[in-house]
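Paired with chain B in one complex and with chain C in the other, chain A is shared by the two complexes that follow.
Let's turn to the complex of A and B:
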């Protein structure tokens, strides 16, 4: 693997993981309200990896057909957030968010719309919490429902010769009592990673106070 | 009388933030830290811990599983569960374990209620 040009210090990595954790935890609570069942999350994984390695990570996690809700975000840092499920779980999710009241044919007709709305609630909730904690507004694009494999969602496939690094975040989730699992993923490129590193530094200073930082160094 | 509080969080930054709030609210209390459930339980067998502030989402056993283990060994320990994950089930499980829910990110304000309640209970116990 190539050596990342921008790397996060241990404390920056810790702070970013905690920010993501808080954002995703709030988003999970919103998703819980939509599906009426407990949503279980994994601890977030935050890695700075080459694009190649990110494409491999995505491919290794899910080999089958996937469906994803994708939202791009822009601001002091920009990137792409996705809520991803195996295609085989998608109708179960639609049933869960529509309260099991629809006939099978209606569930199918509603699929894209229900997935899109679920993605919107989860991804917006997560990104808005992170933006607030970093004190920088983010503009979120309209969500898009995509089908295919992981490399396609991140548009990594055509750039696997690119040796640039990306910040790759992911969290697994599952819904109790339903056969639904998936993951939330975020990808940011190098300029965003540099900007984010500065904002994380400011965030750490705010929550810890500069004196303590001196004591830690 | 000096009481001992154990902060359990896999994030070092989060432990520092909780520690700062504790310094402001209960400067006399002795502060201990652990980065996971196993270390927390090990520490509790060698130190007399009165109060535990436990993160929910941690690698290994989560905060609720840790709270359950603490309850078995230390039925009267005062426990707070810190999380941004405000799902009904998680709050209900925390209540069932007699643990107080504290919202993340932790602030002095958010921790105040739990700590003054804990201080009062510890005083009554003498």
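Let's turn to the complex of A and C:
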């Protein structure tokens, strides 16, 4: 994997993973509320890679068509969040979310809306939790459903330079044994990642600085 | 870190795992005995509740921060806690533990408790380490797949083998996407009965390099997954080198078959198309296989031959030779160019030339039809003999032409002379008759000389080898030579200080020198210089070794050199050949040089030509040096014999009446008494009678008993009786010395009467009976 310009230390990496873990946990709880069934999300693996490498990773791991829910965020660090599923998973996800009560035709008809809503719950839960943990507010844009391959998702429309990095999160979704998996990707440019790095450092300091861990709650 | 999410962490586990409960509102950490044991805390204290920072106290410093952050995450909302970390015990030992925990929250999402289980995974870590090393060293990647899931737990090595970025979990589709099309899934649901999964090989395209590789997979399917789901665990490794070796081997094998097929085809082509007979014969002489050429050459189809012995097809006359050769061939002695005759189906025979080789007791024969060659060779040999005959006839024509020319000249002299004499006598003019008579006699002598030369050429001439004073002979010939050469050619005679006497025949040597002089003259039509020289020449062993045609010894060399046009080398090479002449037909017999050569060889000498175009020609005769015992005979003119006889009795045996009458007439004129007989039979009564006989003159070539046999009988009847042979030639003894016993002599036909008289007188004078 190509080395990104911003290199997180091992501790920063752990801290970031934990931040995502918190965010995803919150998102899973929201999802659980939506589907009313047991939702398990794996402990995420976090990688900071270049945009190109992220596309390769996505391509390697998902050969087929993908569907993604996109949401841009702005604040102390800005970028774009993506919830990516294999296209083949999307209907299963929709069915899980809609509780298997709809006919196939109806499921297809409301697929995009269901995906969009699911994306909103997951991404919003995740990002908002992280922002909260980092004590910085984030403004979220409206979500958008995209279809295509990984390379397309990692293009930042506003910026054509190649300095952007991808915070690549791999999460295995498992909803009541359904074969659903997905990825959360956060695209940020270098200044945003620098900012994030600083915020992570502050987070670590806060965590370490408090002897009584119970007080953190 | 791996599949914690798949195993739900509900309740506290006893036994191997230790359990903890972090009571957040109370700020106490409770642990069971196992937890206390792993954390190095008194079990009672753990059961009663420890301060919460006891959770971090024993953690290895390297993992401390990591775990603190993770716990902070839980406290701030993370649902899962799944960490592996090291605990440092009081004795300094380090244990690896795996902690799985979760947060319990109230309705407001506040954390009430953080609880989980802790397992000692030190051994597992070691095993994992070993496994990792083994996987990386052995190039083996492992996987674990639970039926129904979309992801597969994999080892990093597994990812590397497929060219994927190393990770612990891969999507099933991503794995199977590396396969080239048309193959079963690398990892998927069981396609048969559960149990041991068969060994499978897959071709993949590496995700990173696009390289095609071969992967082997082995695995087991166990029904021990969550909810009884099938768990497929297995390993893959790269077998590309084996595959490519295998492919090469396959290709080699395939091309080998191709090559073998090609060779077989070639062999079949040779077998089918060969113009030669190809045959395989077993040791018993039975045909095992025969090529189609048999039909073309001999009319027999291969199937008519196979199973039958070769003896049925070979000409009976050639059978024994063929059997002997076949026996040799069976003994693995390859034979070549053996020829025998084979039967043709149409009843004819063909000559076949055989080559064989033997292998494993089978004789492989290759037969070529040489019938045509044989016929051609025969025809050639016939043509050659016809050609020789034609050449002979041409030579005879040349000879006859030359002889006729010479004889006509001589006969003209004789007839003309006699004609004139007759006319003069008829006219009564007797004064000047001798001149014409001499001319006629001279011509006749020359004719006699020609026949002598012919005989010398045929080497059937009677030679009279004696010690000859070469110098004296040449000097005596000078006048004759000067006359012969004419005015335009100068003669120069050169002698060494001393010249040995040479073994020769005076007349023949004279003739040879004269002949050479004439040739030289003819070679110098515009005049020149003729040099006749004589000197001693010694051929020691060394010199003679360079001339195989000449024996070592002392020789007298006589050379005749002209300054004429010379001869090219091809003419030189043939100059001594009989009938070879550069003169037009009718102007020479072509026998000159060959007769000289014959004469010189006959007396044990040698002749050589040295010539070059434009530089003249030198002919050298090497005559053997005469031993001191041999007298030098002066050439003497025979004395005129008249009335030499005194009534001695001479018996004349000659079958040719005219010759006999002539001899008798001469004897009578000389005063001898002559007895006549026309054959040995009629002569014997005379010899047996009591009447005195002083001399016998006999022809050699008599009918019935020949002259020599008669002479032998006469000697028995009358020992010491003188015998004079008259001969046209002496076929049984070319050299008279070998022919004649003491008291015998010889005179060649034709002879002058004076010569005969002298010979008779000489013999009777020696005769003991006289």
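Following the convention adopted for this analysis, the second predicted complex is superposed on the first by the 191 of 217 C-alpha atoms of A that agree within 3 Å, B and C clash if a C-alpha of one lies under 4 Å from a C-alpha of the other, contacts with A are read in each partner's own complex, and residues count from 1 in each chain.
Please note the rule applied: contacts are C-beta pairs under 8 Å (C-beta built on N, C-alpha and C of every residue); 3 or more make two chains touch, one makes a residue touch a chain.
Just so we're clear, the structure is a prediction, and the values are computed from it rather than from any experiment.
With the two structures aligned on chain A, chain B clashes with chain C. When the two complexes are overlaid on their common chain A, residue A:180 makes contact with chain C while staying clear of chain B. By the touch criterion defined above, A:60 lies against chain C but remains apart from chain B after alignment on the C-alpha atoms of chain A. In the superposition on chain A, contact is made by A:208 with both chain B and chain C. In the superposition on chain A, A:15 makes contact with both chain B and chain C. Touch counts on chain A: comparing chain C and chain B, the chain ahead is C. Looking at the shared chain after the overlay, A:89 reaches chain C, while chain B stays out of its contact range. Shared-chain residue A:39: touches chain B; no touch with chain C. Legend: residue contacts after superposition of the two complexes on their common chain; A:101 is shown touching neither chain B nor chain C.
Residues 10-11, 14-15, 18, 21-23, 25-26, 28-29, 41, 43, 129, 133, 204, 207-208, 212 of chain A touch chain B in one complex and chain C in the other. Those residues of chain A that touch chain C in the shared complex are 1, 10-11, 14-15, 18-19, 21-26, 28-29, 40-43, 45, 56-57, 59-64, 86, 89, 129, 133, 170, 172, 174, 177, 179-181, 204, 207-208, 211-214, 216-217. The touching residues of chain B, counted against chain A in their complex, run 10-14, 16-17, 20, 56-59, 83-90, 104-105. Per the touch definition, chain A reaches chain B in the complex via residues 10-11, 14-15, 17-18, 21-23, 25-26, 28-29, 32, 38-39, 41, 43, 129, 133, 176, 204, 207-209, 212. Within the complex formed with chain A, the residues of chain C that make contact are 1, 3-6, 8, 24-25, 27, 52-53, 65-66, 68-73, 75-80, 82, 110-111, 148-151, 164-165, 167-171, 173-174, 177, 207, 227.
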